[in-house]
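To keep things clear, I will list the structure first and then write my remarks on it.
Labels A, B, C, D and E are assigned to the chains in the order they are written; within every chain, residues are numbered from 1.
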Amino acid sequence: MVKRGFLATRGIARRVWRNYKAFLLFSPFVLLLPLWAEPLGRSISLNIVYLMRMVGIFTLTAVGLNLLMGYAGQASLGHGAFMGIGAYVSAILSTRWGWPAWAGILLGTLLAAFVGYLLAPILRLRGHYLAMATLGVGIAAFIFFREMTGLTGGNVGIREIPKLNLFGLEISSKKAEFYFVWLLVILVLLLCQNLVRSRVGRAIRAFHQSEVAARIMGVDVASYKMKVFMLSAALGGLAGGIYSHLQGYINPSQFSVMLSIQLVVMVVVGGMESIWGSVAGASLVVFLPSLVEALPKWMGNVPAWVRQYSNYEGLVFGAILVLTMIFLPKGITTSTVEFYRRKTRKAAELMGEEEPVSIPEEEVRNGK
Amino acid sequence: MGAFFSNLPQYLVNGIGSSCVYILMAMGFSLVYSSTGIINFAQGEFAAISALVAYTLSMDLGLPLLLAVAGALALTGFVGLLLERAVIRPLQGKGTLTAIIATIGASIFLKAGARIIWPEEAYKVPEFTQGQLNLPKASFNAQLLWMLGLTAFTVAAMYLLMNGTKLGKGLRACAINPEAARLVGIDVSLMSMAAFAIAALLGGLAGLVSAPFANYGMGLYLGIKGFTAAVIGGLGDVYGAVLGGITVGLLEEVVAGFLSVVLGVSSGYKDAVAVILLISVLLFRPQGLVGKGLVEKV
Amino acid sequence: MLILRNISAFYGNIEALRAVDLHVQEGCITTVLGSNGAGKTTMLRAISGLIPTRYGEILYYGRNIAGEPPHRIVRMGISHVPEGRQVFYQLSVRENLELGAYVRSWRKKAEIEKDLDFVYRLFPILGERERQLAGTLSGGEQQMLAIGRALMSRPRLLLLDEPSMGLAPMVIRDIFACLKRLHQEGLTILLVEQDVQIALSISDYAYVLRTGKVVLEGPAEELLKGERIKKIYLGEEF
Amino acid sequence: MRGKGTVTVLAILLVGALFLSLFPGCGGGEEGGKKPIKIGVILSESGSQEPLGKPEKKAIELFVERLNAEGGINGHPVEVIIKDDASDPSRALQAAVELLDQEEVVAIIGSSTTGATLSIKQETNARKIPLISMAAGVEIMEGDFSYVFRTPPTSAEAAGKALDYIAKVMGKKRIAILYDTNAFGTDGRDTLKRLAPGYGVEVVAVEGYDSNATEESIDTHLVNVKASNPEVLVVWGTNPGPAKIAKRMKDKGIDIPLMGSHGIANKTFIDLAGEAADGVLFPAGKMLIWQKALKPGTPQYELMKEFSEAYSARYGEQPNTFAGHGWDAILILTEALKKVGADASPDKLREAIEKTQGLVGTAGVFNYSPANHNGLSPEDLVVVEIKNGAWDLAPGQE
Amino acid sequence: MENDVILSVESLTKAFGGLYALKDVTFLVKKGAIKAVIGPNGAGKTTLFDVLTGLQPPDRGRAVFLDREITCMPAHQLAGIGISRTFQTVRIFPGMTVLENVMVGLHHRTGCGFLKAALKLPSERKEEKFIREEAFSYLEMVGLELMAHFPAGSLPFGRQRLLELARALASRPKLLLLDEPASGLNTYETEELGEILREIAGQGITILLVEHDMGLVMRISHEVLVLDYGEVIAEGTPLEVKDDPRVIEAYLGSEI
């Protein structure tokens, strides 16, 4: 009996490791990050903890967008709108009516999901048409943020949004904010990973690849599309709410079409159909400008144009987009993983054995 | 209400002026979409580039207006060609989303490039003519005649090109059935280049007639309006673009007038007109108002 | 005139043609028979350059044309009437035919006019419907238009993909009669068909494809008399 | 099998990060002489507000070069660390955090825009670090402004000057407002609407326009405002919108006086509007027409002379008002530092700035106090009129 | 007699722009039978399947499956009542693994939603285990178990057909519609397929089959329905049909 109990624990441990090894490796990385990143950041003039905090916020949205775009195959060029909705709802509630931050964030999240629900009819559109309609939604949201002055403060925006305050615990230092954001990110990533590896996730990926076949298999495609859209909108709203409380100041220019495009870049360049790709994508978009800005500090003498990087940012950004699309159309993470897999498979072939044979049947049956 | 109606002729005249610009933009979108199946998000940049080049050629280099315009158009067409070769060609058959992102990337790149060369807030591009013409109930800029003339000329030229020339027939064939087009010996890849070059010229022309002020950021504004017009006319239908352009142009000015004069609401909402129109048409009549556009299949 | 040597072609990772060898004699009608999915269409598409071949050579007058783009192949004198007609629906009959002459210099207007006349004489109904949009034609008329369009490039070799598909027997008979006439005027034809009887009745030599491989070949008359072809079709063999 | 690649990537990340952290800090080594005083600067070097950030940066760099050549502050050289916020408030906040965390600056100058300043303000307030803004929005001084100072005239002062001129000098009562839908324009719209009653001026129409709209769209806005018969048209925006409007008004023969904003206090406007610029009025700091608005021998005249000579010698162009705002900001800060010394606490520094009295800058005479962090007064502004393509003092102000 | 019928199709008609793809097609399918639908290219066989599975609405007529009208039922509800199909051009999910493909086949037999899935509740885990094991058993049935973790798109074509079959089976259909399952397969694969189909029928699953490979049709089907130009021209046992002169004419063409 004892032995069986031991085996069972071992079994659970093995299963957890197998299913969540990325998380088990990544969580300590996040946990320990401030330890090394603060001194390192100071020496290379890069506020890594602060930037990672931003990465976390964008990851929340990007992972939602990835569910919609990468997994379900429905393009959205207006996702910044949902971040905006979350941010404004929470900011208005807490500055005007003194709602606690968590309540505002919750309501913002729900409202973003509700707007997603209202917009669900556009999901009937496909391809370019869907992309354009969502772009339209993004632009319309921006105009409303700007023009509804009484509510949103117009272009001036909303300032002095209170800090996050969770059940009496004020989250004010950048390090605390970092931990808060990343705890949430890891939780959301975990839930999203569970989701995409479940029956639901399979159904979503299935209708992306063949809508007709998925329908024949009993997947109610229209309903799933709507639910994914709502989920993705809700994650946008959640990120927006947190963003407004961490940044303390929001105005419409922060939720313009440019944000939506940046979010798409995070998903597409980071990696379509990859939960971790969103982390990579968000990191790239957030870190790139700061890294280049910090370059002169590391290397002393750099060509003048590097110093003037901000002028060239658009060029570099645009070029990265185009080149990624041409050479790594599935994004950095997904393409790398696939390359790696293809290599191992090739090696297995060369050694004359078909790879799955080496896996005991029980393993194949019960898990990955 | 009375003021609104007495101003209506003026709104309509203004709407026609904007329409010309939108029509030219929309035709560019439609042409590229029909012959390559791609919506070129960088279409707006063509307008900006050509207007700014025209500025440099005429103001900085002192070329006569005609030469400056020709030079600007030629250069913009060349940029269109380059875009097709460098971005669109390598992405053939890689899916809608990939193409969308790549053209967005190209648009960001071109805009940033333009900003480096023309960093100022705005440049003054010479007008073709100056002066003012008055009608009983409305007045307009003499430039408007040029806009109307050029737009009419361009629509006619496009008609002749598409129906009377080998190139045009090839483009139409590609739009209708690319495979059959290949089988009758049409070089589809050449047609794709031609479509981009012509679309760049159309965009360039739109930028030139929307003179006299140009800056690197103007592409987005014109692009969204032009795209809306293209969708309303039925994406891929080059002549539907004319209808779409007129619809957007007129509606925008009339709504702006209505909002401001009748309702007393900020006309800042005016920009939402095109966007809401875009979403509604996409939802309820994705084939466009006249219903000849190509609707994307699974 | 045309020799396929060891040709293999893929659709994705489906091997649709497996090492096919085939000869087309100048001035003959060569038929490729086979049921659905046998690889007939793939073969024609490979010849006209619409899909790449993975192995083997396509020799046209001794020159390997595998890998050439379709517009060059049309210029060389190979014209392809595709499966399902694929006429330009939104264009008029005349415009369709003019597009057929796309590869020819449009300065030779007179010559093209002559060819138009030729097509109209061959298919008088097309002449009557000159201004009508191709999409409004009946299936048989569309097939005629597709053949007429292919003829407008003045081909030396005509590739025909299932001209009988979905057409009424009367119409099929008309079309095949025209093909026979074209052949008599010296055109070489490579015909792909399911309708064994009618195809063999006009051809000189025939191949039978099955799952991408040639399983039977011989002079048309012999095949027509033999029982094997019926067996292949009705499933008594293999 | 699945996710192996991800694991590798993560492992590399982890190892890489640990490896990097082993690097010794490569921060700047101490040079001989006294410790440099670090001042952080955040401005919009790129993005939509680039025309503001660029000259501000030039002026600040010029000022610091000259200051250090003269021996810095009490012997301490001044080191400015300039960061670009790309006209984006969240990037501005990031820059502020970096300046405070990494560079440990004693004070921050920035940013060029109201939004970015509002975004930085809460961070500097929380850390009790003085912030000197070069933006004009009135909102900056709303709420807790204990650590925020400002160099340019506020949009309220500019709007007030414009309204004052309309009411008192021109003697007009009905105005229509045409504003750019960007932040600058909407700020102006709100301020004008708020202040107008105080000057006995009635706002009869308000229209927002997009700077990139076609000329015909601009016409529609003109038609709309004309419908309400204004006596003066106030156009609050940055280039090229006001130039488009001026031009269309001239084309259409609408001869209502046009009052612009300080957003067109630049040569670009005159270039763009051409002949249509003639007669256009706008409120601006005296530095724009210092030769005309100031009397030779006064301290501000001498300062302007020195500044514009140094600036044009260094950059080959005349400084504009934004350059002036940059110059004033660093001037105010360094003057205060000189008083309290390099090692003073931020609170001491703030108090020193609050005690600044009668300091002559390019925009006027700065007088701060604990209650007033705006520095300038309406007297530092004048209304400028464009005559024959050049700026001139508008009549009735002597 | 009525109780034996699993599917009855009554005067189903579908036209595309004046051309009839289906014209008054009427037939019955008996429970447990393998019924083949044959006919030359363009005879309307795939259209028949598309109409039956709700992908295209018919112009006229109806189809009744076990007393339920299915003519206008949305495609995704069919799996629930026991109808599944495969496609002429294989429609697997190429980016998913072989096993995952079959797991999608079990979609309608399971019910776990977004919340349960994201939280990975015990009930979800139990269900996943069931899905996995069940899917695996179907893979074993078609002999693909060793390739379970390959991306489906990397399988050779013949295997993709089998995978699609396994996926359809996984929804535990009462009626299975197979659209040309043997096209693109080589002789050996076709024979293997025949065995599998017979085994499936042996388990009581009714099969409606569109097929060009007459050899296969003759070997395995109990009844054959012949379509030509959208019309039923013959119906009967394979032997009856084979000797029907109209069928021979339809296939080999008429003598001139």
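What to note about this one:
Just so it is clear, a residue touches a chain if its C-beta (ideal position, glycine included) is under 8 Å from a C-beta of that chain, and two chains touch if they have at least 3 such contacts.
These numbers come from a predicted model, not from an experiment.
Under the touch definition stated at the top, subunit A and subunit C share these contacting partners: B, E. Separation of subunit B from subunit C in touch steps, taking the shortest path, is 1. Counting only chains that touch, the fewest steps needed to get from subunit C to subunit D is 2. Centroid analysis (C-alpha atoms only) places E farthest from subunit B. Taking each chain's centre as the average of its CA atoms, subunit B and subunit D sit 36 Å apart. Between subunit B and subunit E the centroid-to-centroid distance comes to 49 Å (mean Cα coordinates, whole Å).
Distance between chain centres (mean CA atoms), subunit D to subunit E: 72 Å. Here the spacing of subunit A and subunit E, counted between their Cα centres, is 40 Å.
Touching two or more other chains at once are residues 146-147, 212, 311, 313, 368 of subunit A. Looking at subunit C, one finds that none of its residues touch two or more other chains.
Annotation for subunit D: residues touching 2 or more other chains are 1-2, 181.
By the touch criterion stated above, subunit E contacts subunit A in their complex at residues 53-55, 74-80, 84-85, 87, 91-96, 100, 103-108, 110, 112-114, 117-120, 124, 127-129, 131-133, 136, 145-150, 167-168, 171.
The part of subunit A that touches subunit B in the complex is made up of residues 69, 73, 75, 77, 121-122, 124-129, 131-133, 136-137, 139-140, 143-144, 146-147, 211-212, 257, 261, 264-265, 268, 311-315, 317-322, 325-326, 329. Within the complex formed with subunit C, the residues of subunit E that make contact are 19, 40-42, 153-154, 156-157, 180, 183-187, 212-219, 229, 242, 248, 251-256.
Note for the complex: subunit C touches subunit B at residues 48-50, 69-71, 74-75, 79-80, 82, 86-91, 95, 98-100, 102-103, 106, 149-150, 153. The touching residues of subunit D, when paired with subunit A in their complex, are 1-11, 13-14, 17-18, 20-21, 23-27, 45-46, 83-84, 86-91, 93-94, 97-98, 101-103, 114-115, 118-119, 121-123, 126, 137, 139, 142-144, 181-183, 185-187, 190.
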